[in-house]
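Each chain carries a letter (A, B, C and D) given by its place in the written order, and its residues are counted from 1.
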Amino acid sequence: MAGSTLGTIFKITTWGESHGKALGVVIDGCPAGLPLEESDIQKYLDRRKPGTSSVTTPRKEDDSVEILSGVFEGRTTGTPISMIVRNTSQISKDYSEIASYYRPGHADYTFDQKYGFRDYRGGGRSSGRETVGRVAAGAVALKILKQIGVEILAYTRSIGPVEADMSRFDRDAVLSTPTAMPDRAANEAAVKYLEEIRHSTDSVGGCMECIVEGLPAGIGDPVFEKLDAGLAKAIMSIGAVKAVEIGDGTQVSARKGSENNDGFCAKDGRITKTSNHAGGILGGISDGDTVLVRAYVKPTPSIYLTQQTVDRQGQSIRINIKGRHDPVIVPRAAVVMECMTALTVLDAMMVNMSARMDSLENFYGKKLLRD
Amino acid sequence: MAGSTLGTIFKITTWGESHGKALGVVIDGCPAGLPLEESDIQKYLDRRKPGTSSVTTPRKEDDSVEILSGVFEGRTTGTPISMIVRNTSQISKDYSEIASYYRPGHADYTFDQKYGFRDYRGGGRSSGRETVGRVAAGAVALKILKQIGVEILAYTRSIGPVEADMSRFDRDAVLSTPTAMPDRAANEAAVKYLEEIRHSTDSVGGCMECIVEGLPAGIGDPVFEKLDAGLAKAIMSIGAVKAVEIGDGTQVSARKGSENNDGFCAKDGRITKTSNHAGGILGGISDGDTVLVRAYVKPTPSIYLTQQTVDRQGQSIRINIKGRHDPVIVPRAAVVMECMTALTVLDAMMVNMSARMDSLENFYGKKLLRD
Amino acid sequence: MAGSTLGTIFKITTWGESHGKALGVVIDGCPAGLPLEESDIQKYLDRRKPGTSSVTTPRKEDDSVEILSGVFEGRTTGTPISMIVRNTSQISKDYSEIASYYRPGHADYTFDQKYGFRDYRGGGRSSGRETVGRVAAGAVALKILKQIGVEILAYTRSIGPVEADMSRFDRDAVLSTPTAMPDRAANEAAVKYLEEIRHSTDSVGGCMECIVEGLPAGIGDPVFEKLDAGLAKAIMSIGAVKAVEIGDGTQVSARKGSENNDGFCAKDGRITKTSNHAGGILGGISDGDTVLVRAYVKPTPSIYLTQQTVDRQGQSIRINIKGRHDPVIVPRAAVVMECMTALTVLDAMMVNMSARMDSLENFYGKKLLRD
Amino acid sequence: MAGSTLGTIFKITTWGESHGKALGVVIDGCPAGLPLEESDIQKYLDRRKPGTSSVTTPRKEDDSVEILSGVFEGRTTGTPISMIVRNTSQISKDYSEIASYYRPGHADYTFDQKYGFRDYRGGGRSSGRETVGRVAAGAVALKILKQIGVEILAYTRSIGPVEADMSRFDRDAVLSTPTAMPDRAANEAAVKYLEEIRHSTDSVGGCMECIVEGLPAGIGDPVFEKLDAGLAKAIMSIGAVKAVEIGDGTQVSARKGSENNDGFCAKDGRITKTSNHAGGILGGISDGDTVLVRAYVKPTPSIYLTQQTVDRQGQSIRINIKGRHDPVIVPRAAVVMECMTALTVLDAMMVNMSARMDSLENFYGKKLLRD
C-alpha cells in the first residue's frame, strides 16, 4: 500500500510523479448520469496551476486534462473515470546535485529511508504536483455536490503576518486575486509582503479555510468515521499542512462550557443554532449549519538561502538550492483543500444513504414481514 | 457503516453504549505470540477510569476487562482478541427529560437527524464511555510497540488558562497527578482552577500532547495514508477534540522557510536533525525524530447552568441539566490519545513491512529470476 | 489482519474459538430502526446447532445468544450490534495427544506454520464453531432482506450418493428433516446411508444449494465486486467447501452458446428470461431472476479410522482420533451458506443505493446547477 | 463503488471500456526496487491478445502498454505504477442496432437496470477487454512472485468435449499452442472441433486450471480471508466463469473422509502430504503443496444464430448479432486466471508478513520489555 486510494464508495486513486510522463487519477464509484466534460475539470486545475502570478510562482505548467474512460455521450456511466494530465514542461536539467543530498523540510530523506532510493527529479511523488489528481477528482465531487445543494469554497485566511478581515468577505475576490484571499485589502498587503519575501529569497507560510454550505444534518458516522475525523485526515494529507481545526479549533481549549456551547433554537419552523463554535459538526455528524475547517500551511521548504544538511553518505554539508520556487503555496493549496473537503463530504453522503431502514424500504420497497 | 472499525492490518472494531449491557472491542490482526493478560489492559483502563479524583469526575465506574478470545496459554494466537467491559454502575434513573430535548454541545440532535431516534441514556454511543474499547485495543498496541522499541506517552499540556511548563517535564507526574500534567506546579494550579470551575457549575477545555519515541524513519505512506494524516483522523475522532497539530502546528503559518526548516546533520554516525519543528514527520513519513502531536479539547458540554435549546418537537425551551459531570475531560482523554496514536503507528509499521523488494526477499527467500 | 471482517457497509467481525470462553460477532453498519430481539437470532443458531439429530451429530451445544449493544427499545439504533454466545459445553478433557500431532484434513498444520503455535482445543479458530458469529450476523441480514422483499433459502442437495429430486421440492422439509433436504424421500434414504457411514466410523461429503428470490435487477458491481464473485468468496470461506457454482456451474463448459444463452422475453409487461442457466446474474449484476448458488462440501475430516500423519517433531506416525464426530456437516452448513449469501446480497444492495445521480437527487434533493 | 479496486496491500484499480480511448490499471503498493520495464508486461498482454489464431479470434487488437509512473531508472519506486493501453483498432461502426436491444448472455440488460443507460459499444466496461488492466497488473505480481520462488501457470483443461490428458502434461505446449492446452494431441483435436463450431456459427465453453508452485505453508488468513476464498472471488470475477474449484472440487461431495483426507508424512526431513486432494490449502491457509484451482467458462454469448430477446422498450424481438466473435474464450482467459491468481497470492503473502511477533521483532528489532 502506497496509500494512494481514498474513499469508501466514491473512491479515488491518484498516481504520478512531478517529472514523470504524466499524472492522473481514477475515480471508482462515481454515480451514473452526471453530465461531465473536460472543461468541468479544467477550471479547477487552472485554479491550482502555477504561473498565474509572480507572487505565487514564476513557473509555468500547462495542466491539460484528458478523460479516458467512464463518460459516454456526455454523461458518467458509473464505471471508473480515468483522467490524465501529461507532464509537458519539465526541463531536462541536471538533477545529480539534488540526488546527492537531502533538502531540509522535504521528503527526500524519509523516502530514501522507506524505499531505499527515490525519484529525485523535482520531488517525485512527494512534489506538490501530486495534487493534480486530487483536484481532477475533486472537481467531479464538487459538481455532484452542487447538483444536490452542497456548495464548498476554500480560500486563503492569512499569509505570514497578513490576515484577511472576514467582515469584508468577498467571494469573488477568492477566485480573482492572486492570493485567493476573500478580502481585497488584505490581498494587496499580502502581495506586497510576498514581494519582500521573494527579494529576501525566503518563503512564508499561511492559513487557509474551507466552508461547506447546504450540507444537511446527519452526515458522518459516529466513532472513527466522524465527518471531522475524515476531514482532518483528508486535509492533513495535503503536503505542508501542519494543523487542522474544526470550527473554533484551538481556541476552545481555553474556554468554559458556558461560552463554547451553541444553543439550539427554533427559527422559521426549523431547528438552528444560536452560534456555530462547533463548526457545523456535533459528535462527528453534521448539524445542518455551515461546516468550517481551517488548515495551517508551513512555508515552502525550497529556499535559496544557505542551509545545513547531509549528503547521502551521511556527511554534514552546506547547500544552496537552485531553481525557481514559490514564496508561498497557500493560494494554490486552497483549491486542493476545497477538493479534499468535497471528496470527504460526498463519500460520507453516499455512505449515509443506507443508514436507516426506512431509506432501504423507500429505495427497494417495504414488504410485510411474514415470519 | 457506522464507522466503528479502524486499521488496515491491525484492525479494531469497537462497540457498546454508555448505558447498555457492556462495551468492548475486537482486535483482528494482532500478531501471534505476544504475551498478554488482562492486567496488561486493565492498567490503561484504570488511567481513563473516572472516579479517581474529584477534580476530574466524581462518578465511579468499575471498568473491569475480560478477554474472551484470541489468547491461549498466555500468548496471542493471531486470531481475533475480543475484550468486554460490563457496564455495572448505571443507575436506572429517569431519562424521560433528557429524551425530550437536545442538549447543547452534545450529539443528541445529530444522532436523531441521522438515525431517526437515539439511545438517549447517558449519550448512548456518543458518550465518552465509547472510548473504553479504544483504550483496551490501544493497550495491546502499546505493548507490541514497546516490544519493538517504540514508546508513546500522552499528557495534559493545559487546562483552561493553566499551562504546563515543559522545562519542568516530569514523566512520573503524568501518571500520578490528577490532571496528568508533566509539571507538578502546573498540576497544583490546575487543580485549584478546576475547583473554582466546579463551584461555578461550569466546565473548561484544555490541550493534550502526545510524543512517540523510538520510531524508526520510514513509517507512513505518501499521499493519503501519510502518518500525520492517519494521526489527525485517529485523534480528531476522539469526541471533543476540535484541532490537531503536528510539530509546531499552527505556528508555522506565520513563519519563514528559513526559520521553519529543520537542517540535517551527522551525529555519532547517524543522520539527525538540528531542530524538530516538523514533529518527526516529513512528507507523511517518519524521519526518526520524536513524533509530536497536539490536540485541543473543548469544555465538557454538560454544565449545570441554564441553557437555551429546543425540544424534539422543535420548540425553543430553557433547560437545566441534572446529574454528575466532569468539569474537564482532558486528563482522561490523554490516555485515549495515547491509545489512538499507538493504534495508528503500529498499523503503519505493519503495513510498512512489505514496502521493499528486499524485505520480501529476506522474508520469503530470494530466487534467481529464470525468465 | 486475521481476515475476520467482511463487508463494505454492512460490515461484520466475528471472533471466538471452539473451546474459548465465548464466540460472537459485531455488526457495524446495520440500518437504524429494525425491530430486533434475541429470538430473531436464536432460531437460526438453532438450525446450525448440533445435537438435534443423531445422523448429523451426537454432540450437544447450547448456543444461546445475548445482544450486548446496538438495540434500544426493541429497535436497532444504527450503532454496532454486538452478540455473544458463551461456550458452555466444553468438556475439560485432555488435549495433550491432539496437541502433539497434525490431524489429516484439518488446519492444525497450516495454523502452526502460519502462527508458530495454535489453540489445539477442538480446532480453535478453525473449528466449525467459528460459524456461530456468521449465523448470528446472517440472521439480522436475513430479517432486513425479508423486510425489503428478498427471501433466501439454503438446503442440502446431496449427501454422498443420495441426491434430492428437485421435482419433489418441499420447502417445509428443509426446515424439518434432519438432513435439510427439500425432498422427504431423499431425506429418508440419506438418513439410512448416514447410519451406515457412522457404523463404518467414516464420514461423507455432500452438496448444498442456495436460492435468492425477489432480488431486483441491478445488484452487484462490474469488475471485481461482481455479485457472483462476492458470493463465491463468502461461500468458499465456509470451512470444508471446495467448489462454488453459479447457475448451471461446471456444466456450461461442455455447452454451446446456443444451448447456454438465456433469451429475454416480455411477460405481463415485465422483462424476464426464457431460461435461467445464468443463475440470475449477468456480468456480475443480478438480472431479476432467481439467484442460484451451489457449494460442494468435503467429508468431515475427523474420522475414527487409523490414519497416517506426522507429529509436531515431523516424525511419521499412525493415529486414531478419539471423540465424537459428525458423519456429515452439510445439513448444518446449509444455514451458514444461507447466512453468508444474505450478508453478501444485503451489502451489495446497500452499496448499490448510490449508483446513480437520480438516486442521490431523490435522497438529498435535486438542485439547479448554477455554475 | 464500481468495484474496480482489488487487494489490501498490493492494490490494483482497473479502468476503461472496450471502445473508449484507452484501458489501464494503477498498482498501488508495489514494493520498491523491482526491476521493471514495459516488455515485462507486454509478454503477458500478448498472451491474452486476440488475433493470434483463427481458432480463438479473428479480430486484431494491438495492445501496446505504456508505463506512466512509479518506475525510475529501471526500478519500481514504491509509488503507484500507472499503465495504459490505448484502444487503436475500434472501427467506428454503427452501434445503433446493438444499442436498441439486450443481447442474451451479455450484461446489456443488467447494466441498463443498474445505471439507467450504458456504453453499448462492444460491451463497454463489461467487455472482455476490461481484463487488459488485470493482465498488466498481474504481470508485475508474477514477476515479484518469481523473484521469491513462487511460480504460477494457467492453461486450458478442456474445450467443449475435448479434454487434455494430464499424463501428457507439456508446459511448453501451454505457451505455444493456440488452445493453451498442456497436451498437444488434445490441442489438435480441440482446434479441429473449434473449426466445426465456427462453421456452425456457434460458440463453446471450456475449463481452465491454474497451479501455484513454490508457495510456502502459512499463506492466507482464517475465516473470511481464506486463500481459497480470495482465489474464488478473484477468479469468479472474470467474466464468463460460472464455477470455481479448489483441489478435487465438486468430486469431494461424493467421497468418504477416509478417501478424501490427505495424510501427512516426513520426507527428506520435511513434512509433506501423501496426496493432494485438498489442492494445497487447509483451513484457508496454504500447506506448502501445489495449489490447484479450476474454473469453468461458459460459451461466448455472442453467436450468429437467431436469438430471442427484447428491445429497450421491452418488446419481444428476434435478432441476429453481426460482427466478429470468438468461438471460445478459454485460451485467452487462462492468462487472466494466471494473473488473478498471482494478484491474490502476492497480496496474501504481503499481508502475512506481520502475522507473528517474531516477524515484527526481526524486522524492527526486539526490545526488552521494561514495564
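Keep this in mind: a contact is a pair of C-beta atoms (placed from the backbone, for glycine too) under 8 Å apart; a residue touches a chain by one contact, two chains touch by 3 or more.
All values reported here derive from a predicted model rather than from experimental measurement.
Peer 1: In contact with subunit B and with subunit C at once: which chains are those? Just list them.
Peer 2: Looking at subunit C and subunit B together, the chains touching each of them are A, D.
Peer 1: Among the chains, which one keeps its Cα centre farthest from the Cα centre of subunit C?
Peer 2: Max centre-to-centre separation from subunit C belongs to A.
Peer 1: Averaging only over C-alpha atoms, locate the centres of subunit A and subunit C and give their separation in whole Å.
Peer 2: Measuring from centre to centre gives 43 Å for this pair.
Peer 1: State, to the nearest whole Å, the distance from the C-alpha centre of subunit A to the C-alpha centre of subunit D.
Peer 2: Subunit A and subunit D have C-alpha centres separated by 37 Å.
Peer 1: As a quick test, compute the distance in whole Å between the mean CA positions of subunit C and subunit D.
Peer 2: One centre to the other, that is 25 Å.
Peer 1: Please set out, as single numbers or ranges, the residues of subunit D touching at least two other chains.
Peer 2: 1-5, 8-9, 14, 29, 32-33, 78-79, 114-116, 125, 216, 222, 351, 355-356, 358
Peer 1: Can you list the subunit C residues touching subunit D in their complex?
Peer 2: Contacts found on subunit C: 1-6, 8, 14, 102, 104-107, 109-111, 113-116, 125-126, 130, 158, 160-161, 197, 202-207, 216-226, 228-237, 239, 242-266, 269-271, 274, 278-279, 281-288, 296-303, 305, 307-310, 314-316, 351-352, 355-356, 358.
Peer 1: Mind pulling up the subunit C residues that touch subunit A in the complex?
Peer 2: Residues 8-9, 29, 31-34, 76, 78-79, 143-144, 146-149, 216, 222, 349-351, 353-361, 363-367, 369-371.
Peer 1: Okay, in this complex, where on subunit B does subunit C touch?
Peer 2: Residues 1-5, 8-9, 11, 13-17, 20-24, 26, 28-30, 32-33, 66, 68-70, 72, 75, 77-82, 84, 114-119, 124-125 of subunit B touch subunit C in their complex.
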